[in-house]
Each structure stands twice: as structure tokens, then as C-alpha cells.
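Two complexes are shown next, each including chain A; its partner changes from chain B in the first to chain C in the second.
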Partner chain A sequence: MSNVKLTIDNKTIEVPQGTTIFKAAKQLNIEIPSLCYMNLEALSIEHKPAGCRICVVEVEGRRNLAPSCSTEVAEGMVVRTHNMRVLNARKTVMELILSDHPKECLSCAKSGNCDLQMLAQKLGIREIPDQDTVAMSTYRKDFSPSIIREMDKCIMCRRCETMCNDFQTVGALSAVNRGFDAVVAPAFEMDLQDSPCTYCGQCVAVCPTGALTETDHTNRLIADLSNPEKTVIVQTAPAVRAALGEEFGMEPGTSVTGEMATALRQLGFDYVFDTDFAADLTIMEEGSELLDRLTRHLSGDTSVKLPMLTSCCPGWVNFFEHQFPDMLDIPSTARSPQQMFGAIAKTYFADKIKVKREDMIVVSIMPCLAKKYECQRDEFKVDGNPDVDYSISTRELASLIKRANMDLSNMPKSDFDNPLGESTGAAVIFGVTGGVIEAAVRTAYEVQTGKTLERVEFEQLRGLEGIRQATIDFNGLPINIGIAHGLGNARKLLEDIRAGKSQFHAIEIMACPGGCIGGGGQPLHHGNAEILKKRTKAIFTEDEGKTLRKSHENPHIIKLYEEFLGKPLSHLAHSLLHTHYTTKSKKTIIIK
Partner chain B sequence: MSDYKIHVLVCGGTGCRASESDQVFDNLTSEIKNQGLDKFAKVVKTGCFGFCEKGPIVKFIPDNTFYTQVTPTDAIEIVEEHIVKGRKVERLLYKNPETEEYISDSKSMEFYKKQYRIALRNCGIIDPENIAEYIARDGYQALGKVLTEMTPEEVIKEIMASGLRGRGGGGFPTGLKWDITRKVQNDTKYVVCNADEGDPGAFMDRSILEGDPHSVIEAMAINAFCIGAKNGLVYIRAEYPLAIDRLKTAINQARECGLLGENILGTDFSFDIELRYGAGAFVCGEETALIHSMEGSRGEPTLKPPFPSVEGYLKKPTNVNNVETYANIPAIINKGAAWFSAIGTEKSKGTKVFALAGKINNVGLIEVPMGITLREVIFEIGGGIKNGKKFKAVQTGGPSGGCLTEKDLDTPIDYDNLIASGSMMGSGGMIVMDEDDCMVDVAKFFLEFTVEESCGKCAPCRIGNKRLHEILEKISEGKGTKEDLDRLVNLGNVIKDTSLCGLGQTSPNPILSTLKAFKGEYLAHVIDKKCPAGVCKSLMAYSIIEENCIGCTACARVCPVGAISGQRKELHTINTSLCIKCGACIDKCKFNAVIVN
Partner chain C sequence: MSTIKIELRPDQIDKIKEICLSFNNNPGELINVLHAIQGTFGYLPAEVQEVVAQSLNISSAKVYGVVTFYSFFTMTPKGKHPISICTGTACYVRGAEKILDEFKKELNLKVGETTPDGKFSISCLRCVGACGLAPVVMVGNKTYGRVSPDMVKGIIEEYNKPCCEEA
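Showing the complex of A and B:
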């Protein structure tokens, strides 16, 4: 492709044909303000609806202003990005957007982290004309277990739609109504919880305002932590430690495991445990299930379905329950680490410390919003009491730590408590795409072949490509493994399975880009997907630093089986650590 | 056709049908049969005659007798008098309002004298549900010529030479569009007819589809031949049921005759047409929005480029043209580019169909050569302003256009002159306003429309138009300030400058143009708190003139809120705090005693 020469703000630049003005300007270090535009380069998602019109620039010879995010350069183009005509237009459009936005910054969940607020500052907005008399959009607040929609704060950037439809292919959100009443909503403006939403939270992760936020449990947690009659236990997911530091100004990719443990203890949790422990347990159960299904399949048992799909990711579970109700027997029956942890905490551990189930509160810290929904599923309750009482996101934890006047960057490190705090490197990598299957392979290989792995890293399973595949040699037995992150990619693999075209024995699926490190509950990336790569690196570094890197070597897991569960897939293990799936599809399924 | 001595044409357009023209048709048919004249005279249901003001229309061929406002009960008299006795039914003839003379021959009517019908050539003449009648008037001859004697390049050259520009509003050269689409390499291409006519008061596309659907089908086939498409789609709003019906009938007939389908006219050219229904969103007339709507997505525009010619329906090269544009094509092929380009002005060739509406005597549909003046259109064809009132302004181009005034009346109408005058051609709506119209109110009316019809995708159009409307509302309520007028201008200009599609890029035009031409009227609203035209209710006060009031009590009795008090034979008074300004008292008073300030 040939190059194009143009002038931006009196500076000449040559860029490849097809480059947008916005990107060309960036190369000249000219920052054009933007709002709806989002470029997640690492994920190949470029969202440029040209809807907000903040990034408009003047192009000589053109009648009207051009949206720089989506206008391609042309030979000899003369562009002015900040002249008075542009500034006046930008300011006026911004005033318009703000005139239809609630002025609730004081109590808004997004305050301080809001793209709209930052832009208003940048553009020097000091007043909104006629604010008292103009009409404002109104919309009912829509509560769901994971996500709160306050669409009166929606600015129609449509980023959520791109994530929900193009990336995730969930199709829960689209623009409805016209003109001033236009808003992003589920079909027929139904509530989110009646829609096919998976609660993956990617809409929340990209929302520039407080229109989409997580269902916040921090105040409930403060109440529980201040109640002396409750034993409050916390578990933290692997991806949290790789991202939490960002909220305290640390470089992305800084691991804060020890600091976090100290902070949690200072917040008043009675026991600070690690979901990684349960991840090791998951490998024991899921890995055993895989070997069992493999063995039976290879010996000709046609009732056994392959490939087996992982089931740790609640967004993914919701996705197949909604969209692939005819394939509910394919995913592993193993519960997610969060739920395995809860089940063990409120049985094995509760007995150990002699606390009654109803006096114990299990809280999880998750990079995820779907976990909020998962822990309240009926399957994971005993007499109405949930195994995990509630889940808070990485962002909520950061906010709570700040509220308690603690700074993570000055925090001394400490270890998790035992016994549910011990974990291996295999568990840590659950936080990135490909990690669960790599952890499973580390264990399954040794169990199946009886040999010790010389090298535990399976590089062929790693990376950020949406769909990856690899064949692992299990001592002469080739095992085909598929990996997908992002539900749109998952859909492709599932459709192959449905069509009988899949050659895989096992598939790992994570709903979010990059896996849990890119979860809907993580610190906001504000359009910079490079952060995901840094978080990934942090996770693998943590794995390398561990002495034990295979789940079946975790001494506390071994002890748990000896003292309590018996062996993987035992009757007790089944009742505490496995689950079943239900169809959520509203379509009528005809069963022959 | 030649067997009949008389053809009785009955308008079957939507307007006349609303006034029972179907019943007129039935009664005429059965009466002719009753009288045993059905071998002698034939009744034909045609498309729109354009003279909607005086519908239903019945026209006799060959003598061009033009009956207006015919009711079903007139059928017997018409048959007995005109056909049996050979006498015209004078009372149903058009009466020249100035001379009070009855005019029997439509060709002598001012309304038709200056018209030049190309796109509407068959409307009001043929039975649109009978392909034979279309063929009898050279229908499908152009397609035959194109398929057997011409190459696509030659056809495009001819269209380019004709100077035809898009009639949907943009005015883009049609031949050039075809040429661009033709040159894009792709095995699959589409031709799309944009029949999503949405301007308030405009109904030319509907009338063409109702009155002469084959002209569009033929043109689409020619278009497809030129660009290398096999499939055509007509995007038509579902609220045009009659047009849809007639189009469907025409498509079926064309298929039966081998004019659509495989190997048309024995050549290796194959082409067929499907319909796609729109839900009536104005923005879907914008071609990218139209394409998204056809694809089943939300009907909202996307940035151009890519233009539909390169990446359109289902991402394939797509040529989108408007109904009226298409209707011109067969005539251009048949009569040649030179003939067509001899009509009109230097840069705007041919004719344009306008829908006359508002305070004009002859409301209806007209087709005039480009270059005609507004004065000719309004005062000659349109018969001047209703009730002898004074002309104030005319809005061309629908809600995207602007208001033109007295000073523009003698400017020749074409694409460029209208833009230079601060308005635009648009699809050809022409709304005439008289001295009783308030320009703030007129601007508000159009803004109300764009606020309603904005898709909501881009911020300036979604929110900005709403704010403009709110300011206008404020002004018409007497709460406006001088600063509001400045805000209207700045906001209007920014909306034009920053909106994504043509809707927002033009929606402030009605405000900006009226503000320019009628600044005084706006100032009267914000400074004197008066509406000079007496339209803005909040700025009106009703009162009773002492000298004229005889105390008849009629006004007090009709007042719905009891705001008028007074004894019999004594002066009445209006309590302005109770008055809702409904105007009932003015209508009731026979002594002109109630006035509005």
C-alpha cells in the first residue's frame, strides 16, 4: 500500500494509505480528544462509530468538520486539529453531551475514573447553558446480580455494544429508540437479567461513564467485617494480584500478592485465603474427569462426549446455557475454583475451626463480574445459605483499601493463611488464557504417563491470539487442545463441535479478553489493551517463582483428599465440587 | 385500446382514493355497463393527476375534459350527459378562480400549462396495473434498446451526457454514480431503489410508484445492466400500501412478460427485483442507513467512505437511486441525452417534481422544467396564495431545506441556486406560507420533525436538535432572550458542522434561514414578547372591542372555560388569566368584536 503525505497543524507527515487522521496525528504527538473511539489493538478491536463528534478536525476544502477517528488521510490533506472553529465545535458538542448527563458526580461509582469527567476538564467546560430548563433523558435503574445499568448516564458511545455483539457475540445490548430517547438496552428494553447477558462485564470494562457499573458489595462487606459474631473469610483469585497495584499507581504488571494479603488482614478478615488453593483442587477434579472421559472414549465408549470443555469461567457457563443449550453435557462438571473454595470452606474448614455454617461469611475477590452471579446460583447453596456469600471485584477491593486509608505501595508483604492459602504455580496461571488447560496438562500428563515433566511450561498453549490450538504428546498419545478467549471465539469452536467437525480432546474457554486478567471487574484499561500483556507477564512470573508448580503436588490438597474427600471424583467430591447446567435459552428446543 | 371511442380516466392515487375515487370508478363502470356502453367507453383507474386540491379527478380522453371533485353519485350524470348526450357536466368542470370561467380542457388550465412531465409522463394516463398500457406508451423500449444495441459504457455515457442528477435531494450526477459502481470489481452487485420518501408533504415517489411502477422497474433493469448486477431491491416504506401493491403487481407482470427474470428479452442479461419494507424512519432515506435497515440492522447511518457504490448492501457494491431519478431513465434512453439536456439550466438538467403544499390554492403534485422561477410555480401553477393573503415564504427541501422569501421568487429553480439562497432542492417538497404564518412556529414545526426523526447516533443531532427545539419553544412562549438568538445560530452552525449524516447536517437550516430572513419577527418574540403573525398562543391576548360588542352573549356561551362574562346587551369582557386562547369566541362573534393582540 502506498504512502500518503499530509499536513497536520503545520507539520508534514507521511503515513500509509488508509491511516486515519487520528492515528496520523498521534504519530506527530498531537493528541486529539476523543470519547466514543476505542482501539484495543492487542485484541484487534477498533471501535469507531464516529458518534460523539468530539474528535472532529478541520480539513481544508471540506464543508464540514471531519471525525478524525474514522476519516482516512488523503494526499495533500491539510488538517487543523485545534483551531478556534474546532475548539468551539468540540466545546459546544461537549456541552450538549453534558446537558443530557446527570450531575451526580459526587455519588457516582465512576467519579474520578470517568472518561466523560476527564474530558469535560480537558475541554475546560465550566458551565452548561440552560441546564435548569432543558429536558434530560430518564431511564429506570436496572439492577442485576452483577451489573447495574443507569442508562440516564449513557452517552451513546456504543462501546458496550461492540464488546457485547462483535467481540462476545452475546447480543444482549443494542441501541433502541430514536433521537433523544435513543439508548443502549436489551431487546424490548427488558431487564438485563432477563436477557441473554452472560455478566462477563466487558461492557462495564469499556463504559466511559457510570452508565454501566458493577453491583457493589463493599458496604455490605464493611458491615460484615464489623460484626464480631461473624467469621469472615476471604479468597482472592489469581488475576487480582496482577492488576490491583494499578489502582495504586503502580506499573501495570506489578504483582502485589503479599501486599494484598496484608491489606486484607488489616481490613479485618479473619482468614485470608487464596482461590489458587481451589484452583489446584479444580485441576484434581477436572483433570481426573478429563482422563476418565478420555480413557472411556478411547476404549470405545460412545456415551462419553469429547472434547471436554473447561467450566471455571462463569461468563462462559452462562453463555453456553443461553446459546448452546443442546450441548450442556460437554463442559466439565467441575465447579469453578470460587465455588470449590466456598464448598470446602463451609464444610471441611468450618468443621476444623468449629464455626457454624451460618456464622461463616465467605467473600471472594474476583477480577470478574459474572462471579457475583455465580455465587448466588441455587446449585451452590445449602439450605439457602450460599457457599460463597458474595463476590467483590478488584476495583471494589481497591476502593475499600483506599477507604480504609491504606496504601498498597507501602504495605509490608505477608503470606496467605493455611490450609486454604497454599497453592502451586499451576493455580496462579488460571488467571490468563490458556492457563487452566496448561495447569491441567501438567497434572494429567504426569498422572496419565506416570512420568515426571522435565519442563512444566507449555509455550504452545500461551499467547493472546483469540483461538489457539496445540497437540501435546502424552507418551505417544497425541492430545489435541483448543483454547479460546472471548465468547465470539468460543462460539466458533462450539459451532465446530455442534457440526461434528471438532478434533479436540479438551478445550479451555475464558469469556474475557486475555482470560481473567482482562475480566470485567479489573482496573479499567481506558482503551489500553497493552496492559493485558503486562498482567499476563506478572502471572507467569509468579508461576516461575513458585517451588511447587503442579497442582497434584500441593501438600494441602493431598491432605484434603486424605482427611476429607477421599479421592478425586469420589462421592463426596462429586456432591461438593461438581455441578450441573441448566438451559437458559428462551427458544423452544425440539428433542427427538 | 383503439376499440374504445372514449376513455374515462379516474384517479386511483392515494389522495383521490381517500375521497372515494374507488367508488367513483365502480359507479362509472357499472353505469356504463347498465347503459350498454361498455364496448364504446372504457373506465381506467390511473395514477395521480397531480391536481389533488380538487380531487377526485375524472378525465375524458380524447377531449381532455377534466372533472374535479367528483363524488360517487355524480357517476350517473356524467355517463348520461357526457357519454350519452355528449354534453359536459359544467358544474364539475374546473373554474378559473379569477375569471370564474369554466375550463373544460385540462391543457388550458394554468395548473398544467407550464408543467413538463417526464418522470410523471404516465401518471394519470395509464392503468398502472396493466403492463400493456405501459408498453403502449413506449414502455420497455429503452430496456430493449439498451440490451440489444448498447454497451453498458454507452448507456452510462448517455446518462452522463443527459446531466441527470439525483432527485432524492443530494443532486449527485446519476451517470457518474453508475460509472463508479460499474468500475468496482465484484461478482455480486446490487441496484437499490430508494423509495423511503420521508419529507413531510412530499409524495412524488409514492405517486410515481402508484401511477407508473414499470418506469422504475425498467430503469432498475437498465441500471443493473450497466453496473453488472443481477439483483434489485426496492426499499419502500410499509405505510405506502397502494404503492407496494402496484409495484408487486407490476413486478409480477414484468416477470410474466420476460422483462424480469432469466435471459431478459432473449439476451444473457438476467435481473429480478425484491421489495424491502421500511418502518418509516426519515433517516432511512440516507443511503447508508437504508442499507443497514435492509440488512436487518438498526437503520442508522455510517460514515462515508466507504460509499455504497464500493461497499453497500451485504458489503457488495450497490447503486442506490431515488424513485424519481429512475423514472427519468427510460425517457432519456428513448429520446436521447440531447433532448433531456436541452431542458433545464446549465447545471441542472431536465425537470423536477414538486409537491405543493401549505397556503397555496392548487395543492398538488407538479413537474416543471428546471430553471422555472418560484414565482411561476407559486403564482401561476399553484394559483397563488389561498384566500388572497400575502405571500410570506416558501420552504423547499423539506425539514432539511430553508425558507425562501419574496426576494428569491424570481430566481430560477435549480440545485445550485437553491443552495446559494440558503435552502436546497431536497426531494421536492414545497410548503408555502402566508402572512398568517409565524416563522418561529414554522421553524419549530420542522425542528419537531427532525428531533423525532434523528436516529440518535451522533451527539450533535441527538441532543443539539432537541436543544434547538427547546430554545424555539422558549421563544414562542415569550421566555426567550436575545442571547437565545445567538445560541440558536452558534448551536445551529455547530450541529451542521459536526453531525454525522445529512439529517443533522441540514436540520438547523429552517432556523438559520428564517432567523436570517425574519430576524425582526424573532426579535418581536424575544423583546416585545409579541407574535406578529398571531400564532404563538402564549404571546396572544384576547380582548373585546367596546364599539363592536352588542352583548349578544354568544361568545360567553361558547367559551369552554367560562373566561367571558357580561350581561345581555352589555359589553362583555375576557378574563385573560382564564382564557386558553382556543379562538372559539372569535369564530362565534358575528360582529368582529373579539380581537387578538
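Showing the complex of A and C:
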């Protein structure tokens, strides 16, 4: 492809033909303001609907200003990105966008972290003309267990649609209606909870306004923490520690495990535990299930289903319940670490500390919005009392720590409490794509072969590619492993299985880009997907720093089986740590 | 939003699938598919859109998005005699709004509604390509040109005659 020479703000640059003005300017370190445009390079997602017109620039010889995100460069082009005509146009465009936008910034969940708000400031908007006379958008609020939709705040950038349809292939959202009534909504404008939404939260992660936010439980948590009758227990997911620091101005990729444990203790939790403990437990159960299925398969049992799919990710569980109801017997029956933790906390641990189930509150801190829905599922309740009472996101925890006037960067480090706070390196890597299956391999290999692994790192399972595959030699027995992150990639593997073309023995699936570190509840990346790589690195560094790196070596897990569960897949383990799946779709709704 | 819930008969589902198949179940043909189905069913209720989505292997949200974008598509059944008033520029400047008001008053309907007996419905459209006849009204496939408000009663009467009752 030939190169094109052009001038942007009096600077000359040569770029390949087909480059957009926006990208060419970026190479010159000229930042053109944008709003609907989104480029997640690490995930190969470029969203440029040219809908908002904020990124317009002047191109000499053209009558109208051009949207730089979608206008390709041409030989000899002369572009001005910030002259007075452009500034004036941008201001008018912003005024029009704001004209029917609710003026709720004081109480909006997104305030302070809102692309629209920041841009309005940057463009110097000080008043919005004709506010007394213009009609306002009045779309109803839609509440679901995980996500709140306030479509009166929607600016129709349609980033959420791209994530939901192109990346996740969930198809819950589409632009509907036209003109003033245009919004992004589920089919027939039904509530989100009646749609095929998986609550992965990727729409929330990219929404530039307060139109899509998480269902917030921080005030409920404050009420519980100030209630002396309640024993309040917290568990934190592996991916939280690799991202929480970003909310306090730390470099992406800074691990804040010890600081977070101290902060949680200072917030008033009675016990500060770790979901990682339950991740080790998950490996014991899921790994045993995999070996059981493999052994039966190898001995000629045709009733056994392979490949076995992981079941830790609640967005993924929702996805297959909605879209692959004919394959509910393929995923592992093992509950997710969040739910295993809750079940053990409210039985084994509650007995130990002699607290009644109803006086115990189990809260989880998750990088995830689907976890909020998961802990409400009826399968995870005993007489109406949930194993995990509710889940808050990494963002909500950050907001709570700030509310309590604590500075995470100056917090002393401390350890988790025991027994449910002890974990191995295998558990930490649950937070990244490929991590669950790597953890499972570390244990399954040693259990199956009776040998000790010389090297616990399986580089061939790591990476950011959407679909990966590797064969691991189990002492002469080749085990084929597939990995997908992003539900669109998962769909491809699932369709192969449905068509009988899959050669895998085990497949790990995570709904979010990069795994849980890119979850819908994490600090917003504001379009910079490079952050995901840094969080991934933080997770692997944390793993390397652990003395124990294989789940079956966790002394408190060994003790839990000795004292309480017996052995993996025992009757008690089955009733507390396993689950079943139900079909969610009356009709198959699939796209692409 | 759809307020009417209907249950499709198996033969109706087959008909929808047949129409989709005649376009090779190609998602790129969505608009033409919907056009053809509305031609057969008269309107596009949610249940019909679900079948279309399934056949074309796209999400029902997408189908609903297209149905709500184009004013030609409707999710409520039109009357036996659908009345369309052109409010395109030429018709508008020659008094289309007064004609529309007169129809609304005579039939006691709003735009997009159907009379309780299912006989008449009112909709607006933009330009039928007969600007020389402005203002234009269509009832079913019949076109009325140079309509004035005092003609409205007569037009409605035409379709209340016994001969039309049977048709």
C-alpha cells in the first residue's frame, strides 16, 4: 500500500493510504477531542460511527468540516484540527448534545468519571442555550440485578452496541426508534433482565456517560457494617488487587493486595478473606471432575461429555444458558469461586465462629457485574438466605475507600485473615484469561501422573489472543486445551462442539476481554486497552511471588477436606460446591 | 413498544419462514423481508419479528431497531382501509395538516391508531411522488388528489357503503 503525504496543523506527515485523519494526527501527538469514537487496539475493536461530530476538523478545499475519526487522508491534504472555525463548531455540537441531557451531575453515578462531562469542560461550555424551552428526554429507568439503564442520559454513541453485538455476540442491544426518541435498547424495549443480556458489563465499561452504570450496593454495605448484630465477611477476587490502585492514581499494573486488606479491615469488616481461597477449592473440585470425565472417557464410557468447559465466569454461564440451551451438560458443575466461598463461609466457617447463618453477611468484591446477578440466583440460597449476600465492584470499593477518607497509596500492608484467606499462586491467576485452566493443569497433572512439575508456568496457555489452543503432555497422554475470552470467541468454540468438530478435552472461557482483569466492574480504561496487559503482568508477578503455587498444596484447603468435606466430589462437596444450569431462552436469539 | 400480544399459528410461522427463505435467509435483506411480511400480515408484531430474527440469524433487538427506524413499518395492525395522509413538503404547504386534522376529528383517532371496529387507521407518509396533485391522501391503494378539508367526510363515507362493507 502506498503512502500519503499530508499536513496537519502545519506539520507534515507521511502515513499509509487508508489511515484516518484522527490516527494520523495522533502520530503527530495532536489529540483531537472525540466522544463516540473508541479504539481498543489490543482487542482489535475500532468503533467509528462518526455520530457525535465532536472530532470534526477543517480540511482545506472542503466546504464542510470533516469527522476526523472516519475521514481518510489524501495526498496533499491540509488539515487544521483546532482553528477557530473548528472550536466554534465543536462548541455548538456539544451544546446540542447537552441540550436534552439531564442536568443531574451532582448525583449522577458517573460524575467525575464521565467522558461527556470532561469534554464539556474541555470545550469550555458554560451555559446551554434555551434550556427553559427545549424538550428533555424522558426515557424510563431500567433496573436489573447488575446494570442500571438510564437512557435519558444516552448520547447515541453506540459503543455499547459494538461491545454487545460485535465483540460479545450477545445481541441484547440495538439502536431503536429515530430522531429525538432514538436510544439503545433491548428488543421491544423490554427490561434488560428479560433480554438475553449476560450482565458481562462490557457496555458499562465503555459507556461515556451515566446512561449505563452498575447496580450500586455501597450504601447497603455501609448500613451492614454499622450494624453491631451482624458479622460481616468480605472476599476479594484476584483481579481486584491488580486494578484497584488505578482509582488512586497509581500506575496501571500496581498490585495493592496488602493495602486493600488493610483498607477493608479499617472499613470495619469482621473478617477479611480472599476469593482466592475458594479459587483453590474450585480447582480441587473442577480438576477432579475433569480427571473423572477423562478417565471414564478413556475407559470407553461414551456417556461422558467432553470437552469440559469451565464454569467460573457468571457472564459466560448466562451466555450458554441463553444461547446454547442444548449444551447445558458440557460445562463443569463446579460453582464459581465466589459461590464456593459463600457456601463454605456460611457453613464450615459459621460453625467455627458460632455465628448463625442469618447473622452473617458475606460480601464479595468483584471485577465483575454479572457476579451481582449470580449471588441472587435461587440455587445459591438456603431458605431464602443467599450464600453471598451481595457483590460490589472494584469501582464501588474504590468509591467506598475514598468516602471513608482513606488513601490507598499510603496504606500499610497486611495479610488476609485465616482460614479462608490463604491461597496459592494458582488461585491468583484466575483473574486472567488462561489462568483457570493453567491452575487446573498444575493440579490435574500432578494428581494424574503422580509426578511433581518442575516448572509450574505454562506459557503456551497465556496471551491476549481471542482463541488459543495448546496440547499439554500428561506423561504420555496428550491433553488438548482450548481457551477463549470474549463471548464472540467463546461462541466459535461452542459452535464447533455443537457440530462435533471439537478436538478439545477442556476449554476455559471468560466473558470479558483479557479475563476478569478486563471485567465490567473494573476501573474504566477510557478506551486504553493497553491497561489490560499491565494488569495481566501484575497478576503473574503476584503468582511468582507466592511460596505455594499449586491449589492442592494449600494447607487450609487440605484441612477443609480433612475436617469437613471429606474428599473432592464427595456428597457434601456436591451439595455445597456444585450446581446445575437451566435454559433461559424460549427462543434462540443469536447474531452473526 | 408493542402492547398487543399475539400467538402465531404454525401455518403463519411457516409463512414467515418461507418469506425469509425466499431471500435466502440473508440478513442483508432484512428490510425487504420485513416489507414482504408486512405486505402479507399487515403489520409486524413482536412475535413475527422473533421468527424473522431466528430465520435470518440476527438478534431480535436488531430487527426491532429496523422496524422502529422506518416509519413505513408498523407494529400495530392497520385498519381494513388504511388512510395515509402525505405530509411531504409539497402537500404540507398546500394544507395537508388541515386534512389530517379533519380525518382525526371525523374518526376520533390519533396518527398510528386504528378504529375499534378495525375499519380505519390513520398514518402519515412522506411524498408519494404525486406532488402535482398536492395535497394527496391514499386510502388503501386508491389515491385522492387536491383534497380539501370538506372532502374528508365524503371519502370516509365511500368506505362505509354496504358494497365496501363486503369487500
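As a convention for this text, the second predicted complex is superposed on the first by the 587 of 592 C-alpha atoms of A that agree within 3 Å, B and C clash if a C-alpha of one lies under 4 Å from a C-alpha of the other, contacts with A are read in each partner's own complex, and residues count from 1 in each chain.
Here, a residue touches a chain if its C-beta (ideal position, glycine included) is under 8 Å from a C-beta of that chain, and two chains touch if they have at least 3 such contacts.
For clarity, every value in this text was computed on a predicted model and none was experimentally measured.
When the two complexes are overlaid on their common chain A, residue A:175 makes contact with chain B and with chain C alike. When both complexes are overlaid on chain A, the residue A:404 reaches neither chain B nor chain C. Legend: residue contacts after superposition of the two complexes on their common chain; A:195 is shown touching chain C, with no touch to chain B.
Within the superposed three-chain model, A:74 lies out of touch with both chain B and chain C [touch as defined at top]. When the shared chain is aligned, chain B comes close enough to touch A:88, but chain C does not. After overlaying the two complexes on the shared chain, residue contacts for A:165 are found with chain C alone; chain B is out of touch. Once the two complexes are laid over each other on the shared chain, residue contacts for A:185 go to chain C alone; chain B is not touched.
Note: residues 174-175, 177-178 of chain A belong to the chain B contact set and to the chain C contact set alike, using the contact criterion stated above.
Within the complex, the chain C residues that touch chain A are 1-2, 46, 49-50, 53-54, 57-65, 68-69. Looking at the complex, you find that chain B touches chain A at residues 281, 298, 300, 302-303, 305, 451-460, 462-467, 470-471, 474, 487, 490-491, 494, 496-500, 505. Chain A contributes residues 165, 170-178, 185-189, 195-196, 587-592 to its touches with chain C in the complex. Put simply, chain A touches chain B in their complex at residues 49-54, 56, 64-65, 67, 70-72, 85, 88-89, 92-93, 96-97, 99-100, 129-130, 133-135, 155-156, 174-175, 177-182.
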